[in-house]
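Next up is a structure, given as structure tokens.
Going in written order, the chains are labelled A, B, C, D, E and F, and every chain counts its residues from 1.
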Amino acid sequence: MITFGELLLRLSTERHLRLSQANSFLATFGGSEFNVAVSLANFGINCEFVTKIPTNELGERSLEEIRRKNVNTNYVIKGGKRLGVYFLETGASSRASNVLYDREDSSFANITLEDIEWNEVFNDADWFHWSGITPAISNNTALICLKALKEAKKRNITISCDLNYRSKMWKYGKEPQEVMPALLKYTDIVLGDIDTACLMIGQPKLNPDYNNLSKLPALYEEMLSKFPNIQTMATTLRYSVNASHQKIGGIIYNRKEIFKATLREVIPVVDRVGSGDAFMAGLIFGLLRDEKNYQYSIDFAAASCCLKHSISGDYNLVNIKEVEGLIKGSGAALVAR
Amino acid sequence: MITFGELLLRLSTERHLRLSQANSFLATFGGSEFNVAVSLANFGINCEFVTKIPTNELGERSLEEIRRKNVNTNYVIKGGKRLGVYFLETGASSRASNVLYDREDSSFANITLEDIEWNEVFNDADWFHWSGITPAISNNTALICLKALKEAKKRNITISCDLNYRSKMWKYGKEPQEVMPALLKYTDIVLGDIDTACLMIGQPKLNPDYNNLSKLPALYEEMLSKFPNIQTMATTLRYSVNASHQKIGGIIYNRKEIFKATLREVIPVVDRVGSGDAFMAGLIFGLLRDEKNYQYSIDFAAASCCLKHSISGDYNLVNIKEVEGLIKGSGAALVAR
Amino acid sequence: MITFGELLLRLSTERHLRLSQANSFLATFGGSEFNVAVSLANFGINCEFVTKIPTNELGERSLEEIRRKNVNTNYVIKGGKRLGVYFLETGASSRASNVLYDREDSSFANITLEDIEWNEVFNDADWFHWSGITPAISNNTALICLKALKEAKKRNITISCDLNYRSKMWKYGKEPQEVMPALLKYTDIVLGDIDTACLMIGQPKLNPDYNNLSKLPALYEEMLSKFPNIQTMATTLRYSVNASHQKIGGIIYNRKEIFKATLREVIPVVDRVGSGDAFMAGLIFGLLRDEKNYQYSIDFAAASCCLKHSISGDYNLVNIKEVEGLIKGSGAALVAR
Amino acid sequence: MITFGELLLRLSTERHLRLSQANSFLATFGGSEFNVAVSLANFGINCEFVTKIPTNELGERSLEEIRRKNVNTNYVIKGGKRLGVYFLETGASSRASNVLYDREDSSFANITLEDIEWNEVFNDADWFHWSGITPAISNNTALICLKALKEAKKRNITISCDLNYRSKMWKYGKEPQEVMPALLKYTDIVLGDIDTACLMIGQPKLNPDYNNLSKLPALYEEMLSKFPNIQTMATTLRYSVNASHQKIGGIIYNRKEIFKATLREVIPVVDRVGSGDAFMAGLIFGLLRDEKNYQYSIDFAAASCCLKHSISGDYNLVNIKEVEGLIKGSGAALVAR
Amino acid sequence: MITFGELLLRLSTERHLRLSQANSFLATFGGSEFNVAVSLANFGINCEFVTKIPTNELGERSLEEIRRKNVNTNYVIKGGKRLGVYFLETGASSRASNVLYDREDSSFANITLEDIEWNEVFNDADWFHWSGITPAISNNTALICLKALKEAKKRNITISCDLNYRSKMWKYGKEPQEVMPALLKYTDIVLGDIDTACLMIGQPKLNPDYNNLSKLPALYEEMLSKFPNIQTMATTLRYSVNASHQKIGGIIYNRKEIFKATLREVIPVVDRVGSGDAFMAGLIFGLLRDEKNYQYSIDFAAASCCLKHSISGDYNLVNIKEVEGLIKGSGAALVAR
Amino acid sequence: MITFGELLLRLSTERHLRLSQANSFLATFGGSEFNVAVSLANFGINCEFVTKIPTNELGERSLEEIRRKNVNTNYVIKGGKRLGVYFLETGASSRASNVLYDREDSSFANITLEDIEWNEVFNDADWFHWSGITPAISNNTALICLKALKEAKKRNITISCDLNYRSKMWKYGKEPQEVMPALLKYTDIVLGDIDTACLMIGQPKLNPDYNNLSKLPALYEEMLSKFPNIQTMATTLRYSVNASHQKIGGIIYNRKEIFKATLREVIPVVDRVGSGDAFMAGLIFGLLRDEKNYQYSIDFAAASCCLKHSISGDYNLVNIKEVEGLIKGSGAALVAR
């Protein structure tokens, strides 16, 4: 499993404090594609994380983190100016969480085509995962993403993508719809909701009703019409009462049928950052375990996502037994003792 | 904007610990009238806070706090014995929050009539805000409050009051009903529920049904019968499931009509201390922006109050955009990124 | 009041962190029977805690803890190898709390029959409380438990037991049903649900419907058929939405009638460890205050249990006034100030 | 052993922070006479602490602290307004530590003659310890101190006093020299340096040279001329390089001979508050163990004091073995493992 | 007093942890010229800090900080990309402290000539302070520095400069000796050692012996030969035993005479970052109080610097009384109580 | 590089607190042989750590730690009962640090001969490092140690040993002198002082004077007379003023000549646990780099050891450049910026 993306230093406040109140920051790490790798490593999948980090103390620290979480570092490039940072204040009740990016000019943002030898990276690889964040960072990262996808496709590697639209990014002069369609062309499995996909490929919104299952295939098909290569599309269903109270489910469409996971209440939300990545990793794991068992995949994805909301930090620190335990409905209420 | 009151050192436990469990206290500051000033400063209003603090290190520290929160310190008097303190344990679920006051003999409690030159304070002032806490502290503070109100009235300054009944105060030998009526006579805008007002002015309780809007004007009128000067009365609607789960709304009555804000669920409550002050500040801001738009005022007040419950500490650290965002219903569930 | 059991060092993570994330542990103490003693001491009952602790620094620290919580230490034996430890990660939402025991070979586990002079311990005693955890630790502790029960019975001391089934214990080669029946024979008051009791005494499950009050006496009688000495059996009713959201009630059966406490919502759960002990202590307190008022006892037990969920650590740090306040429904929503 | 004095809540900053920098305070407890009692309890002496605390949560918390440290609470009176507080910033290098008292009007300061039944307190007592802080608090505490001394003298109880001059106290209208002589008249053992004693009894300073041992007896005699009852006077020798680097020794004079302890370097100073109390407790312990072995007493006192500087908080948390280890010079440099 | 420079978010580890060990960072603020302003404000001098900060949450937070420390914000420009950050690990013993800059492309680094209206800034100003860090940041900041100096000179404003050589900066393509001479031409008072000055103005090193006072005037003159405008040059004397143990003194030369401050031991060093700024502020304060009393100035500067080493964070949080207390040698060893 | 030993969870108090004061513990990891591996990995050496850990959450956590510190985990065996724990209170000034072991019955203590396939472990290995702690744990670990040494010898692998005498261990019924000689017979390089070696091999003490270099060869030879295989013996020189102030040097003897490193002051000691391991790793690194350059080896060892005292936790987190910087005497006093 190859994932490619940026690893950021995450500086978050404690106890729902606002950034203006912080006298200290919790220092952890995260990044959508790395979060997916960590989750998959916890499920026993052998993962490589391809990225670029600076040669300073924070770069070294991030490397320790990758190793610690059991993700391989064979294709971590060193060099460039700085490690990207994001500041996070975790919201509560009616106040949303807030991310302040400080990631411009990071080592990863300035990565060059020469930095990565995809030939080596993809040697023996069976899956390549990317997300819509990478082409949102810089023109460079978008170009490298395209190259990686072409190289992966050549080798018949399965390709998955989490659309991951971020309104505070895409600031380098291109809009998603100018960049994403060319990338999605090579992709086999996509995670995202229909309207985010429409936005990213420059189509008008379709306003899907995810409760009306029978009408969904047509909508997915309309949206995917120019993407014959996409064989599977999944959507996280998230209904939000407020920042601390959400309902999480999921849908998967294999261009024939719709499969739906149980909707679960999440209250309170300990940390929702990374919950989409938890969904993505659950989905990949499910498809890896049994590529035809779409019901298992979407169940595993939704339960993973649900559990992630209870865990502080970007990563979903759960194992297969815990995810399957939730699917079977065994009791979170009991203290395991 | 002039606010007058006491600034206290707040020593609170973390993680819902009881006072008996505390090995450390978080040290912040607060006081009803100062909280209102901070909130208004965050909304862009130029505020002075009139108070008295000791000349020791804690007095200096509190002065730093006032400046930090962008409230002016031109009328902060220095002297006296000590800074008042309150200890707070934040409840959860079925256990209520608990305040332990240690504020007797504070510099503010022993403030004298000579300490404040209201002539200077009110020069150029357009609004004076006080609360029922100040006359509850000591005979001195009650007398100075009365003087301030007379001086403000003379200059046609708008006067607002939050009734703020505190059962653990009023210990200097006078009951609220002996003191408050004379003070409320000068007041234009009052925040409080009908029965608290009755208690404070020595009238029998009226047991209002705040859901029965059509009957409310008569009840407000009965309660306000001896206070022709009061032009506007607002009431925070608070329905409590438990200490962590509340529903917040609000009502405003302009002696003609009733306007009501949407009731919103608050769960979990991060810190409800200061949420009444957040309501008061929202109300003042709304009336300052458009004194005839009662609906906007009550909406802004209730949404401010609602947001405050998500913020640790006494102050409501939100801006106009965030309050209006909540009024419009935009999503606390989304991470802003 | 005599309670007998093990005192453990509790090392718990903060902020719902998983054990794998912990860079520090909060160090507190707890153990089912000690928790009961602390709770009773808070209700004004004079308690002795009989246990064995090592002579090292952690033993001394645990002794400080017993004294601090106002429990007598006259029968705390010193010696043996080590203090038992348990690691706790507090779950949230759909993730269960998790206990990792590290208590093998503790001073208490290796306690010997000679260590305790029951003749002295029971001199003047009126009540003896034990729980199903003690005989689950080791053959030694089971044997001493039996001895204590016989000695207590001889002196007509009231005996209570919390069944406290722990699936991660009972590892010394005996099953509960081989040990517990002989112990329960001497017991007057038992806390536990019907099916846990069945499991522990080796009877088939009865699948009781606790909402069907009229059928319960027959089920309790069936389960208690071989235990004529048990005069009272109580059951904590716990309905779990998830790890953070529970509903707590209780039932008591005096071999004639059923009495039921109000079911209360608990959300959020701050810490549910020790909530059963809080129930047990409330039950004992109620029966001590008025042994015929079963309604008061079960109300007091259920309200105690409910409040415990709001308190961090093993102990229920509430007083009689607070428990009775909750029974009367006075408002957790108000800040006491 | 009876000690009599005030117990204060100590709120100290971490990491040498100034009070103006503090966002939290470490909450511990201390008070000169209580510190002596804790130290003696650690040496195995049975101690009662006579004091007055309020009936609120902080009073309860302080009571837990007394029990925890193994000091008896039979004569802890409950009532009055508040628990005294002191704020502490621990200095470093060339910056002195700084104490901000907030102890006026405490329960102890307003204690009355009727509050304590000395007849009961002194029943079976063999030693009474007081310090110069108690009569510095208020006229009440000075009067009660006098009464206690008279009652103790009547019963031939050994009386010790630490002069403990505090320049920020003595604010109730009397100077030490108006109060202390009458109290010292009843005292058998005094700790203090010669010039502090002169100041407190209203004599001119004598500028002793503590290195010139042969001249010291005459100086002690001159100072003690009006106090024939004082049989032993000890002096802590403290040479300060800066706030983090001190040299600690001690002298004892039995009105015949001088005995001197080794001078030891203390670097760094972790917390010097309470180091005088550690000296006092060491002195009492030495005299209790062998009242004629002045050398042992002064060695034990100085080594105790020295060790205290390495311990955070007011109390000297060391045992006899550790103090004697230091006297014998065994190695602080080794890790005990 | 006008100071001009960059304000950085400082993220430092606790307890001497290395950056690779940090799980959290203490968040404070600092920057050489701001540190000088804070120190002067603590000495009662009215200061403006001219800088540029971003319009995001961290910019707002830094603005709160400036106000809090009693420095005026009238000329704080808002805009640009980001707030500069520096990471700090505080060394100990034989391990040096280490700074990791992450300040490229900050709002201040990209400040433009149009951003500041020096005409307004210098209206009524009597002193302008800058440091060698500002022209080390970017070509822009160097140009603006030059403009400010010319404008200040025009108005006969006293100009001071701390040479502040930073080897990790000066990365925009120019060497100090290409930039600094033109700036120093306008400067009246310079802080720096002779060889740093030589390096910055492109002269060969002079290897001064600061103990040989009689030879120093000639060396200072040689170095200052092309800078007739510089009337006063001061040098911090710092002898380092290791990262925790230093000796601090100072020298001032008024182009006639040398004045020297007492050398003081500093052990342990709590935080030496900002100690040069503390020296600078002490120097300015001394010269402001009595511009002819060079001995007072250098004494005040060296004692300020010495005290700073005991204080955590960039700022020197001491008042005049504390600095003068150290000059007089009053005792850091005593606890002020 | 193969190292073999136990990895312990280290629970240490903060701020020099005693164990009895701790309300939380910092959780890190350490163990003599692992500490050596981490240090070598920081110097760029490829290391395997052979150990046994339990399959629970703490075992997983320790595995994350090994990976994080860049040590290979190919021969980490999983199974057994528990992870060994040690509690640490860090002393200061005249109070020694104190270790409380809770490591009995750990997975490693109960490791069996069958658990490790030395044939695989030693395939390609060039160096094997063990310490005197491993045979002190249990009979099992002593036997496995012997087997490992025999296997290593067979393959001509260089073998190093740190004698590491621990008085609180060796509790399984054998004395060091019954076990160690057989193990040392296979060892090439030994770290330890002469008298510790004598004690461990059952020889009378020799009371060496390490300042008298000319007499040392004879003493080393006397001690090593029965160990012809030992080619190199090194000794850490540690002179302790107190727990916070030490002097560190070192000596190496190649059975021909003595080489000595500079003695360096260490003040303050941040954490001395692991400083011997830092010495050992420095020694190995020096010998690996240039096996004939004994002066470089002992310099590198002593400087590594010296730096370790400034670092919190068991590991020496420094790189080659930092060690060589200290050897060259470049300034710890400067802030690297």
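FYI, a contact is a pair of C-beta atoms (placed from the backbone, for glycine too) under 8 Å apart; a residue touches a chain by one contact, two chains touch by 3 or more.
The UniProt protein names, listed by chain, are A, B, C, D, E, F = Sugar kinase, ribokinase.
Because the structure is a prediction, the values reported are computed rather than measured.
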For chain E (Sugar kinase, ribokinase), the least number of touch steps when starting out from chain C (Sugar kinase, ribokinase): 2
Any chain in contact with chain A (Sugar kinase, ribokinase) as well as chain D (Sugar kinase, ribokinase): B, C, E, F
Chain of greatest Cα-centre distance to chain C (Sugar kinase, ribokinase): E
Identity of the chain that, by mean CA position, is farthest from chain B (Sugar kinase, ribokinase): F
From the options D-F, C-F or C-D, the pair that copies A-B, where over half of the contact pairs coincide: D-F
Computed distance of Cα centres, chain E (Sugar kinase, ribokinase) from chain B (Sugar kinase, ribokinase), in Å: 43
Residue numbers of chain B (Sugar kinase, ribokinase) (touch at least two other chains): 18, 20, 23, 64, 98, 267-268
Graph class of chain-chain contacts, one of line, ring, star, complete, other: other
Touching residues (chain side chain B (Sugar kinase, ribokinase), partner chain D (Sugar kinase, ribokinase)) in the complex: 11, 18-20, 22-28, 56-58, 60-61, 64, 81-82, 85, 87, 89, 98, 100, 102, 104-105
Chain E (Sugar kinase, ribokinase) residues within the chain B (Sugar kinase, ribokinase) interface of the complex: 64-65, 67-70
Chain F (Sugar kinase, ribokinase) contact footprint on chain E (Sugar kinase, ribokinase) (complex, rising order): 15-18, 20-21, 86, 91-99, 101, 166-168, 238, 240-246, 267-268, 272-273
Interface residues, chain C (Sugar kinase, ribokinase) side, partner chain B (Sugar kinase, ribokinase) - complex: 14, 264-270, 306-307, 309-313, 317-318, 322, 326, 331-337
